[in-house]
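The same subunit A turns up in both complexes below, where it pairs with subunit B and then with subunit C.
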Partner chain A sequence: MAPGNALPATGTTAVPAAIATSVCKSFGGLRALDKVDISIEPGRMTGLVGPDGAGKTTLIRILAGLMKADAGDIHVLGGAPGDDLENLGYMPQRFGLYEDLSVIQNLTLYADMRRLEGAERQESFERLLHFTDLTPFRDRLAGNLSGGMKQKLGLACALIKTPKLLLLDEPGVGVDPISRRELWSMVSGLTHQGIGVLWSTAYLDEAEKCDTVYLLNEGQLLYSGKPDGLNATVEGRTLRLSGFSGRSRPLLIRALDSDTVMDGTLQGRAIHLLMAPDKGPDDLDFLDAGQKTKIEIVPPHFEDGFIARLGGGPKGTSELAERYRTVPQDRDYAIEARKLTKRFGSFTASDAIEFKIPPGRIFGLLGPNGAGKSTTFKMLCGLLTPTEGTGSVAGYDLMTARADARAQLGYMAQKFSLYGELSVKQNLNFFAGAYGLKTAAARAAIASVVEVFELGDRLKVDAGTLPLGFKQRLALACAVLHQPPVLFLDEPTSGVDPVTRREFWMHINGLVEKGVTVLVTTHFMEEAEYCDEITLVYRAKQIATGTPDDLKALSAKLSGLADPTMEDAFIALINEHDRQEAEGPGSKAA
Partner chain B sequence: MERLIALIVKEFWAMVRDAKMRIVLIGLPVMQLLIFAFAVTLEVKNADIAIYDQSDGHYSSEIINRIAGSPYFRGIVRLNSYDEVRDAINRQRVIAALVIDSDFDAKRQRGTPTTVNLLLDGRRSNSAQILASYLQDIVTKAGMPVTMADREVTPGSIRRNWFNPNLSYYWFDLPCLLVLVVSVSSLAVTAQSVAREREMGTFDQLLVSPLRLPELLIGKMIPPMAISFLHGTIFLIVAQVIFGVPFTGSLLLFYLSLLIYMLALIGIGMFISAISKTQQQAFLGAFMAIVPLVVLSGFANPVENMPEWLQLLTYLDPARYFMEISLGLFLKAMPLSQVLERLWPLLLISIATLGTATWLFRARME
Partner chain C sequence: MSVGFSLRRLRALFLKETVQILRDPSTFLIAFLLPLILLILFGYGINLDSGKTRIGLVVQDDSQAALSLATTFRNNRWFDVRTARSIEQLKPLIVNDKIRGIIVIPQDFGKKTEKGETAPIQIITDGSLPNTADFIAAYAEGLRATWAADRAITRGHPELVAKAMPVQLDTRVWFNPSLTSRYFLIPGSIAIVMTMIGTLLTALVVAREWERGTMEAMMATPMQMTEFIASKILPYFTLGLGSMVLCTVLAVMVFGVPLRGSLFALFLIAATYLLPALGLGLFISSATKNQFAASQIALMTGFLPTLLLSGFLFEIPSMPKPIQWLTVIVPARYLVPPLQTVFAAGDIWSLILPNVGIMLLFGIGFFLLSFLTTRRSLD
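After this line comes the complex of A and B, so read on.
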């Protein structure tokens, strides 16, 4: 399964498929690109990496000739951008698939546009359908394909005539890890034919697999070169702490509060730390984490290099959590799902989902799109009535006290959960009121979050125009104004830059220490690492439940990998489930 | 209560801060006022009329002079044969032709009843209809009844001008325009309200809040209701102060009727909003609703002119009732009993649309 993509290019002196220097582009007052250089070599995977809003799409659109740069020297396939469209393959973020046309009709349309005819066309269709595994679905409407299959069809349409340069704008977005890996191996296979590929992504782990990486942040090029070049800058400063006594979150908070540590994340029961320059494993004595603590130097991730470039992550102590009430721990379970089942007609969206979350824990609902995560989530929010089974949130039964249950939870989704056309202050006022805070209490709660999240000088700004990091802060602020004992988070940090993500989870970690219970739905592996317990939902069923370490250990057994990542575990468990299904329902009992 | 107030305040801000909504709420009524109040009447004021005077005597000249002195006609074209008359109407040189028989003056002098013939261009039936009533008035004042030689003009619609003694088009236009404006703005606002949240992804956020369904519905209904009361009041004032249309009925009845009419329309708007996934769909839905609403109301063409089966359908159109109430309260001090006669069907329609919308809402949340 692992793609063999680290092939060196055949000729190192090859003429770049595209080269651009000092590209600048502004929209109004906003600098989308600020003196960015990029070179895409034929036969190589070039990664364009950066969080949402970094300028990736703008750069790709400029290279594709869809947008004019304000300044800069740009050559694409030996001419100006847009000159040689015959040899350019371009796949925008939401690919221009016609959802009401079938797979084969979409391909035919693109073949017509590219004037590909006769035997050549048939040969190309056969090859691409086989290549994308879409042959069985050739007559299915594109609108009815899964996210992963849509991206594959989009890729097939971009490859109708084999291009010399392929520009892919976030092909992995909205696609589960399995399809993402398949797409990656397909595309990296193309580089063997000498195609120059630009793959843009917000997933930093994908950067490590590229031949060359361009790291963009807020329109500026932070790094370009081989991915290990950036990792080398933090070599020896990335540590893994394990075997310590006590809870991991307070330890992480203590570590981050000190100046010797630049950054840190939870990885199941272990902690991944990035030390300040010139600091190493011997500088961690102050943590006093217990005799059995094991500290080892581990290879750095691309993200470590990125964070170091940005000057480190936020401190560990959350001001928000400090001011939060201590949630009374007066029941065994804060959230319970008992055989939650939802059927729409003959289709079962979620099948006997069952879990119990003790207070002060983070629980993850993990799974590909359409697996039944959000159906389960909506039943627990009281938005859907379960066909069978029941559940409770903070002691309120879902069947009898929906609105009371809803008053006990704070909800936050990464994508557009705020009123963009309202000002920051108006958003805060609305959510305070919607959660029934009285005037004086509302004023106090708003003043408090405004101070914690430093929103003071942006109160009159439209929420929709805030930078992403501030949107994230405002969304969290609105969700916790009423100090709920339970938080529901729906992919809260996918696509945001690592520093903003750290800051967010720093608050969540702090709140959990105050007794808040958190339910996260995600297909984003880094979010899964923060969970105490995870249940993997696939095709409406729970196929595995346990701590992140449990699931990794299980997948290590299944796949034989020595040190599987969360993503490896996800893929191994799903593959195992598919294998069992294929062997027939009878074998399952055995 | 805090929850409801918070929602209403939010809805108002969302409406006011949205540029598209500002256009609907401010630009549209102003535009409608300009177009309907001026463009429509201008056409009739600047019409040319043909006269084929075969009599050419004292009395016929008297009529022609009176027409020439009227501000509604731009010019008079004198013709000398029926062929010329037919040609002038065919080519739309004139919208109407007055034909005076050769024995007109002789008959008049003898004191026997006399008639003049009026030929109207039925293709421009609305303007022709209005002109016919002008001419009828002029000729009647000159002491002569007029026979209608045109097939397309029904006397029924002329009778309405009985309450419009100056024959001013505004008098009919503005009470109708008021209905049109409150309908369009409230439908647009309601249809957009939920659809926008659904498109932006904020609807889920709203649903997971402790707001209950009745609170949600009431919170979404009050802003369009308030907007329509504001528009209604402004038109009430503008019609009287600027256009001089008298309001002869009871204000209390007017606002009561407006309230019930709005409930019916907001029900329709909510229905559209509940089935729309995007603002675009909601906009198209509102557009689809507004056209039959207006056409069947009797504003553009009188209900009496419609075929039987379509007339039956107009009983389902809430705008029809409110249009009648608005005209009645403006022009003829419609008494309580007549208002109530139209209010109870309107109330039934409101219950039906609001009930359906609520049911659909609940169903669509699943």
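After this line comes the complex of A and C, so read on.
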């Protein structure tokens, strides 16, 4: 179908649905794509993986013909990008739905755009509505659908006339793991019809499921090929430590500080380590972790390969924590929620949420979007008044001493917590003032974080133009200027690259060792793994509480999986809850 | 592109837009509530005619003539009079805006009148309100002159009438004989409403498509940009004319504004004006791609010039020269005169047609600009 000389020979496989070589694209002085090659084969799931700001969206837009590349040889469906829009399915990051139109009106609009008529159109609607389970919601406004359903509708709109090439820009972003898995299985089913699919994602674990993976970081292609090809580079170097005596965080910190270990993460009570090249289980004696310590070689994750390719993660000791005051452990619980309930009209956003967090612990509020995590979080921050129940932060009651309670906490969200138009220095000054630091104290605190986070060269730069890693550092710096005993983190590391995420949690781990208490809300499983205790919130209620290991063990019983991941546990527990709700009506009075 | 313009796609986009308009409360607010508010405001609230003005009166003379003139001031329909013995007493009142001016009947008023001379009065006005100041000065002098003439006649000295009133004015106002300002404010408010719909609303809805990412998704379908633009123009053109009709019906039925020209002329003028209004809206939205910026620019370049520079609130010939030149590039400047003409005078084609022609040119210009800026690209 295309002039043969324009396309390189692809051996026995079919002509690629899209192929691009040496694609470059800059915005202003910023290199978004630097000599990137990609090939999307029909009938295959191609993963475009990388953290936020890696250049994924830019590449997809170029392939869709929505942006012009500065340089590079690009062929899409046998022509230039944008030539054959009839056979292209594209779902942008925000799904491209008209929120004030109903489900069926959205589908009709896209069908009309592609001039799909008559019986073919009816057949397509029925097939897609069934496929996406949206049949009962045909007449609901797209804006009133849940995140997962919006995404499915977006996919249905992109599939209205079965395309040859399907480009999906981060279909999993902002959606809970259950919806993400459903969507994945829907899309991978499409490859059997010969559709070439490009699935872009910031979740590295999704890469492992693709046929071919392109790993982007800061506009550069770090790896392309089969996902296990990257894992093979670290084969035999990924270890799991369990059964050790003492606290896990100091042990991880010590492991990371040595040169034999490239990277490490907490996984409940166990530690996952990536060893330096030519190092193995026998090189860990220096940890001296106790007699019962069990060290086993485990299969590597895609993330291990990624980190190894980037030259390893950060060291373990946090300079920030070293300089932090030791928080006095003078009470049993640093944060308490007692039957916190919030109703908006007849809608209950959070229902009798209850937990107690001892000082020096990380506690996670985990749950899908709209489950009531944020509402609970805002009540504890003193931003929302509970309808019923109460709580306390660092000994201050939320009902009677809200302002005092607020003064005891540092707040950080990955999105929107900095002033993008202010410089780094101005942001720091602002937050120092907002937290009520006096001039001299403010100057000292700012000087200290500037040194710790190496912000010295960038003090005059606008916060909005910082690279993501530095934004992350600045946000944390602003939150801890006043050395609060309690930290509230709202999805602090969603979408950031694994190295930046490691660095962030290294600081948090260090602060916790100093006695700081941390409350995290998240639907990212990686973040959940760092918690001492988790409560799973679903439909405004707490459906399970325990350590990550407890929850995994519980889900192993429910699902029968041998070694469930945090995500497996999340899904199993929610499915179990749904099943019980369906079976036992009236189990709880309204 | 593999396929050309498709009426089927245009129809689908048009239907989509219509559903959105019907579901969007802000469209309803701008298209129907805003005209209502404007009409009520201009019909009842803002009145450029003067009512009763509060003034102070100082009578320094005890003569019969002075008292008689003072009574004339007290008993007329223009002034609400507060009498005092000296100017000093009234000064604080004028400072505090309690009164707008002071009229002084001087000590020698009676003497001069008796001698048959023209006896002047002193008129002190508040220069911070120049219109009111002029008004007080003119009416006070007028009252004095009328009083003097009356007195001359009643005393049997008709020869003194001419002296009392040096010039006899016989005013005749054409087209708006009672000089009711609502007669020209209401047609003018139609210009505001059409600008809001054509420029502001259109700029907002197109920018919204960019902002919400729907534009991106639609551009990845075989949709043509011309189809997209047409699908935005048609509904808002209709909406613009619809609210023009609403305004006209209200103006004529409720506020009793005369409509002396033909409906055809009214529609022709309104429809032509919607071209530059819509074109500007499209251009703004495709240049900014952002609802907030689009609304700001639409207010600055559409709404404000229409309000201030179209000759609707302020007469262009009485503006400073540089501002007068500036009005030349305000499309609404060519809408307001023919619109007011159609309402107040009738179908004066020699005035309507040139204005319609200029608006048409503006429309073509803006549309060219927006076609040039609306490209199928996210770059």
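The rule we apply is simple: the second predicted complex is superposed on the first by the 572 of 590 C-alpha atoms of A that agree within 3 Å, B and C clash if a C-alpha of one lies under 4 Å from a C-alpha of the other, contacts with A are read in each partner's own complex, and residues count from 1 in each chain.
Keep this in mind: contacts are C-beta pairs under 8 Å (C-beta built on N, C-alpha and C of every residue); 3 or more make two chains touch, one makes a residue touch a chain.
Values in this document were obtained by computation on a predicted structure and should not be read as measured data.
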| query | Between subunit B and subunit C, positioned on subunit A by superposition, is the outcome a clash or a fit? | reply | clash
| message | Per the contact definition in the header, classify A:C381: touching subunit B only (first), subunit C only (second), both, or neither. | response | first
| query | Should A:D100 be classified as contacting the first partner (subunit B), the second (subunit C), both, or neither? | reply | second
| said: One more residue to check, A:K68. First (subunit B), second (subunit C), both or neither? | reply: second
| query | Should A:D112 be classified as contacting the first partner (subunit B), the second (subunit C), both, or neither? | reply | second
| field | Partner chain(s) touched by A:A413 [first = subunit B, second = subunit C, both, neither] | value | first
| query | Touching A:V393, do we find subunit B (first), subunit C (second), both, or neither? | reply | neither
| query | Which partner does A:L85 reach: the first (subunit B), the second (subunit C), both, or neither? | reply | second
| task | Considering only the touch criterion stated at the top, classify A:Y435 as touching first (subunit B), second (subunit C), both, or neither. | result | first
| Where along subunit B is the clash with subunit C: 4-12, 148-156, 202-210 or 220-228? | 148-156
| subunit A residues within the subunit C interface of the complex | 61, 64-68, 82-86, 88, 90-101, 105, 108-110, 112-115, 154, 157-158, 167
| What part of subunit B is in contact with subunit A in the complex they form? | 2-3, 5-7, 9-10, 13-14, 17-18, 200-202, 204-212, 365-366
| said: Considering only the defined contacts, which subunit A positions touch subunit B in the complex? | reply: 381-385, 403-404, 406-407, 409, 411, 413, 415-423, 426, 429-439, 442, 462, 488
| task | Flag every residue of subunit C that touches subunit A in the complex, lowest number first. | result | 1-3, 6, 8-9, 11-13, 16, 19-20, 23-24, 212-214, 216-223, 376-379
